[in-house]
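Here is the structure we will look at, set down as structure tokens.
Chains here go by letter, A, B, C and D, matching the order in which they are written, and residues are numbered from 1 within each.
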Amino acid sequence: MKLHRVRVLHRERFGDHALIRYRWTGPPPEPGQFVLARSAATSHALDPFLARPFFAHDHENGTTSLLFEVRGRGTLLLSEVAEELLVSSPRGRGFEVQGGPVALVGGGVWAAPLKLLSRRLEHTGVPHDTYIEVPRNAPNDYAVWLAQGYPGARFVHTGDTAGAPWRLFDEIGDLARYSTVYASGPEETLATTKKVSEGRVAAQLALRETMACANGSCYGCAVPVLGYDGAYYARACIDGPVFPAEALAW
Amino acid sequence: MVARATSLGVELCGLPLQTPLLPAAGTLAAEVLCGMEDVYGAIVPKTVTLEPRAGNPPPRIAETAAGMVNSIGLQNPGIDRFLADLDEYDVGLPIFASLAGETVVQFVRLCERLFADGRATAVELNLSCPNVEHGGLTFCSGPAVVGEVVAACRAALPGKPLLVKLTNEGVVGNALAAEDAGADGLTLINTVPALTVDAAGRQVLVRGGLSGPAIKPIALRAVYEVARMVGVPVIGCGGVTSGTDVAEFMLAGAAAVQVGSGGFVREPREILEEFVTCLRNAGLAAAELTGGLR
Amino acid sequence: MVARATSLGVELCGLPLQTPLLPAAGTLAAEVLCGMEDVYGAIVPKTVTLEPRAGNPPPRIAETAAGMVNSIGLQNPGIDRFLADLDEYDVGLPIFASLAGETVVQFVRLCERLFADGRATAVELNLSCPNVEHGGLTFCSGPAVVGEVVAACRAALPGKPLLVKLTNEGVVGNALAAEDAGADGLTLINTVPALTVDAAGRQVLVRGGLSGPAIKPIALRAVYEVARMVGVPVIGCGGVTSGTDVAEFMLAGAAAVQVGSGGFVREPREILEEFVTCLRNAGLAAAELTGGLR
Amino acid sequence: MKLHRVRVLHRERFGDHALIRYRWTGPPPEPGQFVLARSAATSHALDPFLARPFFAHDHENGTTSLLFEVRGRGTLLLSEVAEELLVSSPRGRGFEVQGGPVALVGGGVWAAPLKLLSRRLEHTGVPHDTYIEVPRNAPNDYAVWLAQGYPGARFVHTGDTAGAPWRLFDEIGDLARYSTVYASGPEETLATTKKVSEGRVAAQLALRETMACANGSCYGCAVPVLGYDGAYYARACIDGPVFPAEALAW
């Protein structure tokens, strides 16, 4: 996989969330596409071994941004030691944008790709509402910080217990007023989106399946989907990471 | 460009290869071959089986220290579809088809299909797959089993170079058995059986095979020990991420070198370019490195 | 302090250990035991042989990706001097003496000496050493050899816990043979045979055994497969550098866990403290982790 | 091995040589002792696996410095990404200082421990001459850069070919005028020092044997020495890294 050395222009932390902006003059990312990233400073080291996949959070004027949770070693290194990054070109199949009105449904930091999507919708004049789930136990100003990225979004404070996404959809109300729901969030939010949209509204889900090669070679990012002749494993990195909800054999 | 330098060429089982670099089976999709024509010496497609295989349910991969564990389960479309689409792998380089069966008969059937088709220049038997006739032990479980399957495939592939890919466990004995049974070359090694555990979730994450830089010293040892014992060429495989790694494998005795998971994190072309630099510094041609320890 | 928390205690072969953490043989000198009294459950000194051994000429170690290869050659002062100095290892913890011989008779002689001396609470047989009666293959080369040496040592150590330390290669069959022959516990795994090459110098750097995080997934797999098959406790060993690693080994089936080269780069006390945090988060006692996969 | 988190106060590069100063309030290093160091930023990563040993180059007012050649991954990371370091306490047996006059013989960057030694000699009033070998093919101002660390040292430009250390000792002249020669340099310089000092003058050599545990546990740093009952392998990390030349069974 070809990784390009790029300069980090901006770096921001909020609790265990990080925002990074870097200079990118290659092909601009489509909404829902992802990039692989690793810290250039530690590229001589063989651990962490794999680059980390992140949705393109935003892109404007030759600047791409990533919004991510600091979970383990890879994201910690990215958030701390990286004047320069090694990043791939934007990859995969993103959201398909048709008519509106549409709903964007996100969960916390994992709403990342919805920002670029809303920019696109804005640009193409598709009416859209954005709902972002914030766990009740998040720090007070978390929603405020997050809101900077999603002007006009509605922040829904859900419980941190199971069932949270259902509360989110209670808030959203009748889905039939939208032509498509675009979702990016915790697994439970994606699963709930699939359930509530079934038979009512088209839904597109941004998956975060673990990846290795990110180019279709390794078959590591298997997602069970329904094909013409039954279920099979698609590859999230090239067939996704965005899938129509009805295609998923969950 | 690099690939044209004559000093990069090697010979493998009588076949001239423009470079000693090959992709490891299962780690390079046809979709990404474009632009690789001058990087590799031959192309090794993903292992194919007689029937289509759905593969294992996710999670299939987990990162480990300087490596990764995979449990793909040989997802592949089966030999019919494989042959129908084989031209996707044709970028003007020889194709080494990787085959796996659950029985010796399946291996032979696959060889016959490949032989009849004729487009594959060579065959690589992936013996690290379960042998249903031996209670699920792999075809690498011992010299007798290796000898049996290799001899049967040998007979089905008259005149076609036959490579046998082995696991690390029992590698010297299995290598000798493969050579005796008519193998023209040995690919060492396949992934090492491994496990990852998710401690927080108290569950097994992936039970599969370890690859990547973590296993490089293990693979180097296998190549070194086997190359001293056999007369056929050895293809090194395991943890290659740099040109220096390629040189290390050749010095340890490999005639060619496969890049697997290293290709996920490095561009194979860069690895080849680094290898060219190694050769320049040493003032040697690629072929001179093989077994070139002082 | 940490070590006093009752939730850290485990039982191993009937012995109560204050923590499930042990040093791996050959990786902790008596000189550095001071202050470790509350970290470990028992002390495992460096493997001792009947006669003094000078060890191998340098270079003996080479770093590899997330690991290292060593070829120390069992440098040790021999059993006489070992017993004379054994009190240096006495920090109030049980001592598990690691023994290696070149013949079954040597193993037995060592066991007799240990038994007569009486200070070692348990014995760990290091079977990853060359068996001169079998052409230099190790005592781990197959179930028959393992069974023979373990049975002989068992007879020489009436009533004393006998642990058997195995290599990864052939581990399930060897583990079953050791259990059959009377082993009270199994330590898995010793280093994995490996090689490092100095490409610029065109020479072998170190031909020895791989240890460290690189082999953790291999060791976890060995523990997992063996623990399901045997009735005796398993001690996990290989690549532990953190408290999470300890938890992973116990979940995979280990009753206790050894820290080897991880102790070179982390402070064992920190590893134990991280493990305590893991236990707190899970709301479990150490002993409850063993085989506690959901 | 216990490593302490310390702050880097100063960082300097000359070609492939690096100088790092860090705050150290623990037990001060003795001349010839070493420390283990790794970059704190990448301590979550498991590769490079081992910390790297370096002689204490200097120590003054709670500041320790290391002078090293950037060779591979470990030293590259140390020289580039390290606001903070993880370092061990000073370890091992250093130089034994008795009477004078003495000669300090160093090779390039590997003269590192001689700086702290000359400070000690200065302090205890032992007369000493310092000779530092600089390869002829070194950049022009290399000796100038190096000289900052060794006031009063004589820089001897040797060839970069084999035999260089002999030229160095030609320049030094009669060794009998010294009571001890302290040497730290490339292997050839150490070997030559042993040869030329034999029967003439006591010599102490600072070895750089590869290490893993650095506390006597692993027996990885074997150095063949002559004991009462024949040659055996001593451990450079606790029996050295400085050895009397006559003890070495080279």
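Here is the rule we go by: contacts are C-beta pairs under 8 Å (C-beta built on N, C-alpha and C of every residue); 3 or more make two chains touch, one makes a residue touch a chain.
Every value quoted in this text rests on a predicted model; they were computed, and no experiment measured them.
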item: Chain labels contacting chain A and also chain B; value: C, D
item: Of all other chains, the one whose Cα centre sits farthest from chain B; value: D
item: For chain C paired with chain D, centre-to-centre distance based on mean C-alpha positions, whole Å; value: 35
item: Rounded Å distance between chain B and chain D, as computed from the means of their C-alpha atoms; value: 45
item: Between chain B and chain C, centroid-to-centroid distance (C-alpha), Å; value: 34
item: Multi-partner residues of chain D (each touching 2 or more other chains); value: 46-48
item: Per-residue multi-chain contacts in chain C, two or more chains; value: 64-67, 212-213
item: Overall pattern in which the protein chains touch one another (line/ring/star/complete/other); value: complete
item: Chain B partner contacts - residues on chain A that touch it in the complex; value: 1-3, 46-51, 209-224, 232-233, 238
item: Residue ranges of chain A touching chain D (in the complex, touch as defined); value: 41-42, 44-48, 73, 76-77, 80-81
item: Complex contact set, residues of chain B against chain A; value: 26-29, 31-32, 46, 54-68, 70, 72, 75, 212-213, 241, 261, 263-267
item: Chain B residues touching chain D - in the complex, by the definition given at the top; value: 65-66, 213
item: Of chain D, residues touching chain B in the complex; value: 46-47
